[in-house]
Each structure stands twice: as structure tokens, then as C-alpha cells.
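Paired with chain B in one complex and with chain C in the other, chain A is shared by the two complexes that follow.
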Partner chain A sequence: MNTAPSQRAGAAGSADAVAPPVRAADWYRRKRTREAMLVACFLLPSLMIFFLYRILPLGWNVILSFEYWSPLKAARFAGLDNYAEMFLEDDVFWQALTNTLIFILASPIAILLALAVALAVNSDLKGAAIYRTIIFLSYPLMSVAVGIVWRWLYDERGGFINFVLRGTGLIKEPIPFLQSFGWALPSVILADIWQVVGFYMIILLTGLQSIPQHLYEAARIDGAPASARFLRITLPMLRPSLFICAVIGILNSFTAFDLVYVMTGGGPAHATELLVTHIYNMGFGETRFDYAAALTVVQFTLLVILTFLANRAVGGNAGSVESA
Partner chain B sequence: MRRRSHILRHLVMALVCALMLIPFYWVAKTAVTNENIYAYPPRILPLKPHLYNFVDVWYLIPFARYFANSVIVSLIAVAGNIVFNAAAGYALTKNFAGKRIVVLLFLSCMLIPFQATIIPAYLVSARLGVLNSYLGLALPLLSTIVCIFVFKAAFEAIPASLQQAARIDGLGELRILFRIMLPLAKPAIATNIILSFIWSWNAFLWPLIITRDVTMQTLPLGLARFLAYVEDTTGALYAFVCMVLLPGIIVFLMAQKEFIRGLTSGATKG
Partner chain C sequence: MQKRRDVLKLAAGTAAASFLPKKLYAQTGTKKLSILTWNIIDMEPLFKQWFATFQSQNPGVEIEWLDKKGPELPAFYQTQLAAGTPPDIVDIQGGLGLEWAGQGALLDLTPMLDKEPAVRARFNPEYLANWVFEGKNYLIPFYVSKSLLFYNKPLFKAAGIDYAPKSLDDILSYAKAVSGADRTGFLTLNFDWLYWPLFRMQGVDLLTPDLKKPTFNTPAGIETADKLAKATADGSINKISWTGRWVEPNGAFAAGNVGMMHAHSSAYFFVKTQGSWITPETIGIAEVPGYWSTPNSHGYAISKGARNPELAWAFLKFATEKSQAMDFARGRTLTTANAEVDKDFLAELDKNDPTAAAVLRTQIEHTDKLTGNWRLSDDSAVKNIVWAEMQNIFLGRRDAKTALADAEKKVERELRRA
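Now for the complex of A and B:
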């Protein structure tokens, strides 16, 4: 696209380079504007995409949330009406908010599991690479397909889980996991943990491998027991990785849309409704874009607060890791 | 004592791996089962395995169409990712005014999940007139922040003397990028391809929102549609699931290293 201008500019630049030194400052300035142009051109496509599909939507959500707006009507200022309706009248919102929080609070369980696996795989165990591959395998797969797989596992008659529970005599009657009000949410969470646990493991493994070995050697020479080495070296050094896991867990309450949509559709009676499925239903089921935008603002605020809290919980220095 | 602890660890890991693999087995088994899949107790091994269900999928739904759509969208997304991310990553290796702001902007964009943008993103796409089109499906996926930083790191590892030599030879920046930097950053390209492919291949919510015709739908949508139509009464559904999962598994196993490198560099380096 911009081959010709930049090349011409390049030729001019090298011609100037052999010119008398009187014009050095001038040449330097032109070189810098040329480079600035180039940088701008190279960044432009990516910046455009992020502007259109990340930054602009963020602001637009906020504006929409204070309006009465639908695709066919002109916008009207609504003040806090959307928020008032959400907090005072919308029972599904409260249910979805509770479920979303439960979903997020379940992620530490998955992270702990992943930590245990990562510690086992990180050592000099033979075949560790194979274990790692198998455990990670579920993560990059299509969530919609994973949802159908788990639907089938939970099935009353053909499902593996009821088959095992009945076969071992733990239960007499099959449990309709995804159709029961109490079981549906834990069931979806379990499927979600199955899918993301490998990702947590990979993050924690990378963290474990970046811990300098001499710390452990020094501790061993000082006679520190294994438990002390874990608590005083491994855990503190893993803090940045644990923070990343926590952020993934928080973001996961958004990305779990696919699983919930396929496994339960938010049912039964909104037992598995998450904020993100509620947003989808309001926006594209009932075409209430303004109200859905207000819901999005609330969920995004929740995400920012939780990320901030997670950052504080690991010692507040995670920002420095991100920019490292 | 050391041996014993190793054996114990192998046992635990084998159990964990079994838990991870059972769902795959159960679905594959159901896909090749001939008899009523609701019979209780279900068989652990299929009685007479066969592939009729896979043939059924071809008759029940336009599988080829979904597959082609998925491939086209993924190809657009992968191509866009390589060119745009490489350009942006190369720009970030330079020093320029406002670089800190751009980097900060990218990092904060990483915290905005796509799901939180669906309402305005739909409106943006409507204004751009790309609803229900391949371009519209691929547009939000055309550039990925993680991959920009993967490229930046790869370019920074290339000796600066090579760039200077090329510049003295009169090469423009675009040529330096495509003839010199990119061929030396092959691992970064591989990471880009695999990440952007898997993300666009699996994308569900966005296609769900912006496609209207069956002819534009991708595989995940086809799967959800099929589920809605036939419920889970037939083994064909699970054959379909296998046909969708298999390409993903193969691609992942082939490029596992690049995939993990991309994810972890994104996670640890921002």
C-alpha cells in the first residue's frame, strides 16, 4: 500500500545523508517525521480494529445505558431508568449476578487443582510432557462441542456420570443434573473447570520454571523442610502467575457463554443464567439494546473491581509483571 | 523411597489424565454406536461399531457449507493477523512519541473481553454494512494484542545490524519488514497462525449475533442448530461433534509448542 512513498522517502534520506553537515539538523528532523509516519501507518490497521471493536464499544455501552434506544426509535435520555429497573425490578439480573459470582468464586478450586498438577508435572517425572499434553488438550477445543459432550455425560440414561454413580450404588435413581435447579450450576461449572484447568496449569508451569533453582539449593543447605520451601519460595515466586490465573478466572465468567448456551440455555428457571447470557437475551432476544448495554456496564465494572482486588491479594505488584 | 513417590505420582497423573480423556471416549463411543443410545445400562464398548452416523451428518445438515464457511473466515482472520500484527509489532520496536500510550492502550484492551462489547460491536458492524458477511465475521478477529507482542519480542531478538545493512542498501521499511524481518521470525508467525486459527475456528457468540442466513453460518453455529433441531436423540449429533473436534485436536497436536508459547508469552509478558 505505502511501498512507493516510503521508498521514495528512503532514497531522499540517503541522498541527504551525504549532503554537507550544515543540513544535518534538517535531515534529522525529516528522518524523524518519516519514521513517525511509518509507525503510524504500521499501527493504523490494528489500532482501527481495537478502536472499533474494543474502545468504542466500551464508551458506547455507557452512553446507551443512559438512553431509551431501539433500532427503530430515536434515542431519548433515560437518566438512571435502566439501572433502576435492573436493580429494583429485574429478578433475573440478581439471579444472574449471583450465578456469575459463584462462577468466579469457583475458579480458585480449578487454580488449586492446576497448581497440584503443575507441581507434579514440573518435576523430573518421566512422561511429564505426555501428561501435560493430555491435560491441556481440552482447552483449545471448540466450547460449543465441549458443551454438547458434557450434556451427554450428564444425561440421565445414556450419560457416563449417572452410569457410574448408579453402577457403584452411590445413587438409586438417576439425577437429571442439567434439568434440576440445584445441580445445574455446579454441573456447568464442573464442565468449565474441565476445559480451562489445563490453561491454568500451563500458566503455573511457566511460573514454576522461572523460579531460580539456586533458591531451592540454598534453602536445602539451610535445612528448610519441603513445606517451608513451598510456602516461602514457591508460593511467593508464583504470585504473578497466580494473578494471571485469577484474571483468567474472572474473564472466564464472560467466555463461559458458549458452554451455558449449549448445555442449559440459562435454565432451568434461570438457575444457570450468567450476566453474559442475560445480556445476550436482552440484547438479541428482546432487542432491548439500551438495557443490555446497562447490564454490560455493570458486569464490566464488576470485572474491573475483581481484577483490582485480585491484584491487591497477590501483593499489588502484578502491574509491573504485565509491562515487563 | 524416591521410587515409591514416583510411582504414586504416576498413578495420580494417570487418574487425572483418565478423567480428562473419558469425555472424549464417551462421545466417540456414542458416535459409532449402532443401537439405541438411550439404552440402560449403556455399553462401555460399542457392540458393532460402524460409521453410519457420520454419513448421516452429511444428509441431515449442510456440513460442507458450514465447514467451508469456517475455513474461509479462519483464513481471512489468519491472513489479517499475520500482516497487521507483524506491522504493529514492527512499529513497536521503534522509538516514537506516544509509544508508552500505545502500549498502555494495547494492554488495557486485553482486559476488555469481547463478550462485553457485543451490543455496540453489532451496531458498529451494522453501520459498516458488514452484517451477515465473511468480512464481518472476521473483522473483530483481524488483529490480536497478544500476537502483536509476540512479534515485537521476535523482532527485537533480530540483530539491528541486519536492518541497518538493508537500509544502506536502499530497502524501504515495508520491504525490510517483509523480506528481512518476517523470514527471520518464523516461530512468531507460527504462533500467530495457530492462535488466530483456533480463536476464529472456535468463535461462537460473534457468528451467532451477526449471521442471519444458514449459508453464512460456521461450524459452531451448525452444531448448535443441529442440537436445537434433533435434540440429543441421535448418534449423528455425536458424530458431528467428533467431526468438529478432530480438526482442532489435530491442529493442536501438530503445533502444541507454538500454541503454548503464544499463550504464555501473552500471559507473562503482556
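Now for the complex of A and C:
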């Protein structure tokens, strides 16, 4: 016959002076256990999917990076050959890495721009809601569509940008934005900033609106000028939002595949090649999945390091949930 | 109660059937044939008609057809290979077929072609030979195309030019004569080695005949690259030649302010729909000097992992027969490399659309002068190496001598790696 937990605890208590606290702790522990199991049950499907579609492929990818492998040939151990080729022989890798880092470094520009816009639309500006909507509209657009639109805007012969620049007398000869080694990457970055700035704005706007107004009122009473209020209240209080923007910016730089693919295909001569486009080319263009796996491992490591640094930069606790 | 029993019976039957061994399935007489094609979804009615006819000739055959758009097919096919479920038949464009053959993805069709010489005899031998890798034939032609030269007659006339170019120097001098203001003289498509005839007409080849060593880093190669770079810098050659893929160069030529365009035959049908200036009187059609051209054809292959290779071969024979090939040629206005079909179709087209016929006639002439179709299993890697350095030269980032020397070293390394 099963004995109820309280009865069993009572039996133990008669033989032990500290029985009541143990009984309470037991009960508490079991409740916690039950709760934990319930939470685990709810989490299990998501965790399984996460494990199957994220962790397992990542693990397999790491293994693959140390092998010679193609879909129809048995895998052979390659040691560090793929990494040696990447670091010592593959010029395109270094170019793609540099371009990816430049792409990342451009994120703060987009965030600053978004902050300025967010501050503007958060003020008493007339028609702020309309501006907010217009600025955000670029974000939900498909990157492929954005790429096509910008490609035509940049066109050397019939593009709108060259038309305006020539029409206003700013330039005499059209600029081959996407055909020039100097202009191609900044041009793609500009298109990317244009698309993502609306999203950053919404994040920052939410952050701005969650700052308690009494802080500003107190600062005003103390005679703090606007710049001090911005630097001492707004910016520190916006740190979590800025962190989110920074992480999205980093992720976006690593995954801006579609925009680059549509606008330049990584060219000319790899001038706009990113790590992600290089990985795609190696995997699906040259059927070198093993080498592409090694590139992916490097990209993933870089991503983890940069996210860690971004987290540290905002105090190391971004994303944590405050308990009441 | 009865209903519940029926449902249970059905469920049990379905479950049991799913555990049936494959052999048992075969005994039921059902055979599946999966076909993957590339960007020809518009031909669905014709394909369905073919499938119905084929199924009536081969009772019990189930056909599963999937069409993928341009950039999607290679990635899709490779994931299918990795998963061990490749389609039985796959339509492949350009040099990819040889790459996949080199990796062991495709079935060697040589024994079948040897066994049935009548099938081999259907095809133009040069087009058929495009897909020979290490002495074995891995694909048969589905529809074929190669590059040619289109020119804008009014722009030529305005520049005082009255005949098609006979050499690269002609091309460049004409281009210079035509260019100015918003006009450029020359454009070329560049993907899949489509620019290579510009080098070949100067006697420059990429590799030795045994495909072991690069041969492009020669004085003639440097001179050619240098000429093209200078012509690009002075605006004679449109820069899109070295950066665009399909829509931009064709769109630029269709806009009517480019003198010449080097492209394959399908470009004509694209620009014709976009350029209001294009009429039989205004568009010129010519072979490039030396009659060199780069093929960009589609072929049918059978996956090595095909469930029913015999059935797949039967379908390929059926699909390339005169009747089917002719329907396809008519439906898409193209050449098929089925010699008899192309001859008859062009005779028919001469009456209906003489300009289109003139364009397509170039596709079956001088097929002994095909270039840019090296039988390499790592064609993409070599292509990417050479192309990046060519872009560096043509767009003025590096001088031809240094860039070609670097390209040569990288190609040597790639050939060793492969």
C-alpha cells in the first residue's frame, strides 16, 4: 500500500528532533520537482526541435569540417587541412572576413541613425506617427525586392541616384556604384542600413517610451541641460535596447546573404563577398561541403565572440529577466 | 460499429502497406519515376501530355515531376544527393553535369548509347560530346544553345559601320565608334565562361588539351585582357559585361543604346520582348569572329541512385524522339541538338519568324568551334578563380600581367587539389 508523503514524513519525524523542517523542505522540494517537471514538459518539444535542427547540425558541421566529404563519397579524416587551406591559401576567405567585419562596423551607423529618428518621432513632432510608419515600412520588405530596387537605383546608366547627382551638377560622369571596387560594398551597406533602420527605430522607441518620465522631471528641476539628460538618463536606460540592436546588427551582417546575392553576387571580384556568401558558393557552387563546414565553424565562433563582447559592452547582463 | 471497424481495417492496411518491402511493391507493378527539370514550368501542359503518353506505353508507371528555378536547382539536387534520394532524371545546364558526373552522382549513359546507336545518331555529335567526362557520356541533349553576336543596325549605321566584325579589334573599334553620351559599344554575358570566345578568337585557350595545365597566361592572353580593360575604361565596353548576369545586360541591350551584345540564343527572345526597337530590319545577327562560341545547353542525366534506371533511360529515349523533341522546340522556340528535328523546325520557322530562325540557325552551325566547355570535375572552382582575376583586370583594379600570373598559380593549385 502506498503511504502518503505527509504520513511518511510524520513517521520519520517521531524519531528525529528536526523532523518538522525536514518535512517542510521535502514537501517544498517535491513541489519544486513537480513544477520543474511541468516546465520541462512544456519546454521539451521546443528543446527537441532546437537540439535536432540547431545543436545536432552544428555538431555534425564541426565534425564535417575535419573531413573530406561530398554527398557521394565516404568521409575521410582530413585533420586541419580545411582550416589550413582557409587560413593560408584562400584569399577569398580573408576578403569575405574583412567585408563581414566592415558590414558589422557599419551597424553602429544604422543604430545611431535609428536613435536619432526614434528621438525625433518620440518628441512632440507633428505627424510623428506617420513618419514612424513610413520609416518602418522598409523593414518588412523582402530583402530580394530591396536588392532589386537598389540595384536599379544604383544603375550607372539609367539609375535614379546617378540621374539626380548628374542633374544637380554634383558629378559629371556617372558613378558605377555596383561595378566599382571602391563603391560596391558601401553601396550594399547603405541598402542594408536603409532596410534595417526602421526596425532599430522601433526597438529604440520602445526603450525610450519605457524610461520613467519622473527621471527627466527630476533632472530638469536640478537644472540638467538636455545633453546631460540624454547622456545621463536616456543612453544608460537604453542600454538593453541598444544591445538588442547591436546583436541584431551583428546577426544581420552575418546573414545578409540575399541582399548581397541579388545586388552584386559577391562581386566584383569578391569586393562584396561576405562569409555567408562564400560559404554558399563553396557548398552549393563548388560542392565542397567539407570546406564550407570549416568556414561555418569559423563564422559561428566569430559570432559567439562578438555577441559575448556586445553583451559585456552593455554591462554583461543584457537579456536577463528581473524578478519582482 | 461497422464504420469503426472499417476505419480500423483501413488504418491497419495502410500501416501494413507502409512496412511492405520494396520488392513486394515492385511485384504490385507500380514503378515510380521522378524527374527534376530546370526553369521550364511553363511547359507543364506539354510535359503532362508526354507523361500520359509514356504511361500508356509503360503501364503502372507513376511519374513525379518537379521543376526548380535557376539558382534553386543545384542546391536542391545536392541536398537530394546528400539525403540519398536523388530524382531519377535530372535536367542540368552547362558544365554542372560534368562536375556532378565527376563526383559520382550520375549514371554513365555510354553503354546504353552504344547498345542503341540509333539513339546516339539522333544528336549533333559535338553537342553530345559536351558531356563526355573521362571518356564516358553522362548526359544527352535536351535543348541546346551557344553564344553569338547581336548588333544594333541603326547604331552601326549612325557610326558608319556596315558589316559585322571580323576580329576582336573590329569589335573594339566598332564599340568605340558607337559609344558616346549614354551609349556603349559592346556588352557580353559572362556567366558559365560565356565571355571566353573573346579570348579564344585571339588564340588563347584556358588549359592544355589534357586539362592538366593552364595556358592562358601568355602574351596573347595578357594583350587580350589588356585590350578589353582599356575598352571598358574608355566606355566602349559596358561595365555590366563584367558584373551583370542576365537581366541587366539583356535589359541594357534591349534599351537600344548598346551597339553589340555577345550572348546565347535565348537572349534574343528575352530582348525582343523588351526592346521596342527590335525588328528584323534593325537587329543584326552574326557569329563572333572565328566562329567561336560557348555552349550553354541543357542535358538530361540519370542519377546513379535512380530507383529505375532502365525506366529512366526509356523515358529519355521517349523524350528525345522526333515527335516530342519537335513539340518542345515549337513550344519554346529553340534547338534540341536532335539533328532531324532542328532541320525541320528551322525550315518551319523560316516561314513564320525568319529572324528567330536566323538566330537559331547559328546554334547548329560551327559546332566544331565550341569553347568554354572544358571537361573538368571542378569547373566551378576554376571558373571562379579565373573570373575574379578577369574582373580585377577589366574593371581596372589590377594590371593584366600580374592578375593573369596570379590566376595561373591559383588554377594550378586547384587542378592539383582536384
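In this text, the second predicted complex is superposed on the first by the 270 of 324 C-alpha atoms of A that agree within 3 Å, B and C clash if a C-alpha of one lies under 4 Å from a C-alpha of the other, contacts with A are read in each partner's own complex, and residues count from 1 in each chain.
Everything that follows uses one rule, which is that contacts are C-beta pairs under 8 Å (C-beta built on N, C-alpha and C of every residue); 3 or more make two chains touch, one makes a residue touch a chain.
Since the model is a prediction, treat every value here as computed from it, not as a measurement.
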Contacts of A:A293 with chain B and chain C, given as first, second, both or neither: first
Which of chain B and chain C A:P176 touches, first, second, both or neither: second
A:G249 touches, of chain B and chain C: first, second, both or neither? neither
Partner chain in contact with A:H270 - chain B first, chain C second, else both or neither: second
Which of chain B and chain C A:G167 touches, first, second, both or neither: first
Chain B versus chain C, judged by how many residues of chain A each one touches: B
Partner chain(s) touched by A:R157 [first = chain B, second = chain C, both, neither]: both
Touching partner for A:G285 - first (chain B), second (chain C), both, neither: second
Doubly contacted chain A residues - partners chain C and chain B: 151, 155, 157-158, 283-284, 289
Of all residues in chain B, those that touch chain A in their complex: 6, 9-10, 12-13, 16-17, 19-24, 26-27, 30, 37-42, 83-85, 87-88, 90-92, 94, 96-97, 102-103, 105-107, 109, 111-124, 128, 139-140, 142-143, 145, 148, 167-168, 170-175, 177, 198, 201-202, 204-205, 209, 219-220, 223-224, 227, 232, 237-238, 241, 244-245, 248-249, 252-253, 256, 259-260, 263-264, 267-270
Contacting residues of chain A [partner chain C, same complex]: 70-73, 89, 92, 151, 155-158, 176, 178-181, 264-265, 267-270, 281, 283-289
Residues of chain A defined as touching chain B within the complex: 2-3, 6-7, 9-11, 14, 35-36, 38-39, 41-43, 45-47, 49-50, 52-58, 60-61, 64, 117, 120-121, 123, 125-127, 131, 133-138, 140-146, 148-153, 155, 157-160, 163, 166-167, 194, 198-199, 202-203, 206-207, 210, 240-241, 244, 247-248, 251, 254-255, 257-258, 261-262, 276, 279-280, 283-284, 289, 292-293, 296, 299-300, 303-304, 307, 321-324
Chain C to chain A touching residues, read off their complex: 74-75, 78, 81-82, 99-100, 103-105, 182, 184, 238-240, 242-243, 245, 248, 252, 255, 257, 304, 378, 380-381, 384, 388-389, 391-392, 395, 397, 413
